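Labels A, B, C and D are assigned to the chains in the order they are written; within every chain, residues are numbered from 1.
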Amino acid sequence: MIIKYGIDASMAARAIDAAAAYATGAGLRMCIAIADESGDLKAFLRMDGAPKLSLQIAQDKAFTAACFGLATHGWYDFIKNDPPLLHGVGSIPRLVIFGGGFPVVVDEGMIGAIGVSGGHYTQDMDCARAGLAAIGARVE
Amino acid sequence: MIIKYGIDASMAARAIDAAAAYATGAGLRMCIAIADESGDLKAFLRMDGAPKLSLQIAQDKAFTAACFGLATHGWYDFIKNDPPLLHGVGSIPRLVIFGGGFPVVVDEGMIGAIGVSGGHYTQDMDCARAGLAAIGARVE
Amino acid sequence: MIIKYGIDASMAARAIDAAAAYATGAGLRMCIAIADESGDLKAFLRMDGAPKLSLQIAQDKAFTAACFGLATHGWYDFIKNDPPLLHGVGSIPRLVIFGGGFPVVVDEGMIGAIGVSGGHYTQDMDCARAGLAAIGARVE
Amino acid sequence: MIIKYGIDASMAARAIDAAAAYATGAGLRMCIAIADESGDLKAFLRMDGAPKLSLQIAQDKAFTAACFGLATHGWYDFIKNDPPLLHGVGSIPRLVIFGGGFPVVVDEGMIGAIGVSGGHYTQDMDCARAGLAAIGARVE
């Protein structure tokens, strides 16, 4: 059998709150999504004024990160010298290859993912890391 | 121009918390979605153990309620003696005709909607009403 | 070769204006879509306050009417005693089986369709007929 | 609560008429879409002879412009030296990074967007600007 560990609602809410608090402090307006270990949406918040397109991108970043257990910002280095991948990833629904999606990794393994969208991806990454730190998850 | 009023992140979080607290007290596990006045997702929570199919249903209930400003449980009475509608609504994406979706109506008008899924729809409705009451919205 | 006749932009605009004027006079708020003879969107208007779900339904009614050259309200009588169809049409994307979609038929044949959504389908039908009449198309 | 201002049907129609008149004068055939402040379609026209692929592109340009409040032609400069974005945007549904989509910005803020497609994007931009000018919106 396979034993799976998934992020619970309380952890998800704390991660969102911390990411949103960081964003507020930095003057940013973000969409923040938490997925569980299977990539399904666990919790979500669209901060007031966050751009609409970020609604889906935040969810897709969390989905991408959960689906491979890898941060989304790692994808570009992985594919940049591999033209079929570099030009092919655009056709894969929900795969995001820029920063802002991170797996939520704890001692038991990967229990979910966080995805943030609303600023430049480096800002998205900072917000997501604040969310990870708040729940004791590994911060890359 | 058209002036619109939308639910803010703080209200959305309070509605979800209250709906989830009610569900916990009743031994239920729900997905709870808040949409804004245009039907876009504003906040979401999947309580631990809530069924996966409810992920989308909760969001669709909120969407349906926001799209017409009507509670989803009102649809069946409206269409039950109107065969073309009764048999035709199945082809409309995201339209939910059983209970658990309510518009969020305040003095300024309809500012969003709440959708709850995870139990029988009468239980979903009770949880949603707890969410509405917590933010001072009209409870049908 | 196949010769096709399609509604032009001017006719489409006149049909929308007439349908909208009728709706305004009746205190209704509608989404009004015109498709060409191939089912592609030709023109569209969401009247102020028209429900969001009607955005897609109006377009789908016009699409359905153009795709078969039949008014959408004719579908139910056609399928009501044929259970596989009656219960199967719900799975067909964009097929609407209640009123509000009409083909635009002139001497040259079917040149497009109009779809209206926002009220009960009988109201939608009245608005659509006003649009048809304004451009000299056949009114069923 | 969040207060939002949306473009109304009359403004939308005037913007389309002006963009279409400009296109006619320039010998162009365009699809012209107006979205409201939340990105939903408000009005649309496919001029006679406008290419079919432009149907969706025009709507997506308006959607993209409304979703961030930015003109679509600004995206390429923003991402051209940022390879993860340059190669990553292809996976984002409805995001258009070439010209022809503009937010509709008035004193009250961003109330919607216009998207034009049918010529080279520089021609699309000229038509869209004619639409913006006709309703007193900011022209970049």
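The rule we apply is simple: contacts are C-beta pairs under 8 Å (C-beta built on N, C-alpha and C of every residue); 3 or more make two chains touch, one makes a residue touch a chain.
Treat the numbers as computed from the prediction; the structure is a model and nothing was measured.
Between chain A and chain C, the least number of touching-chain steps is 2. Look at where the CA atoms of chain A average out and do the same for chain B: the two points lie 26 Å apart. For the pair chain B and chain C, the distance between mean C-alpha positions equals 30 Å. Within chain A, the positions touching two or more other chains are listed as 48, 52. Because contacts link the chains in a way that matches no line, ring, star or complete pattern, their graph is best described as other. Each chain pair that touches appears in this list: A-B, A-D, B-C, B-D, C-D. Within the complex, the chain D residues that touch chain A are 2, 38-39, 64, 66-69, 83-85, 87-88, 90-95.
For chain B in complex with chain D, the residues that touch the partner chain are 1-8, 11, 36-38, 40, 106, 108, 111. Interface residues of chain B facing chain A in the complex, by the touch rule stated above, are 8-9, 12-13, 20, 36, 40-48, 52, 55.
Residues 48-49, 51-54, 56-57, 60, 73, 75-76, 79-80, 86-87, 89-99, 121 of chain A touch chain D in their complex.
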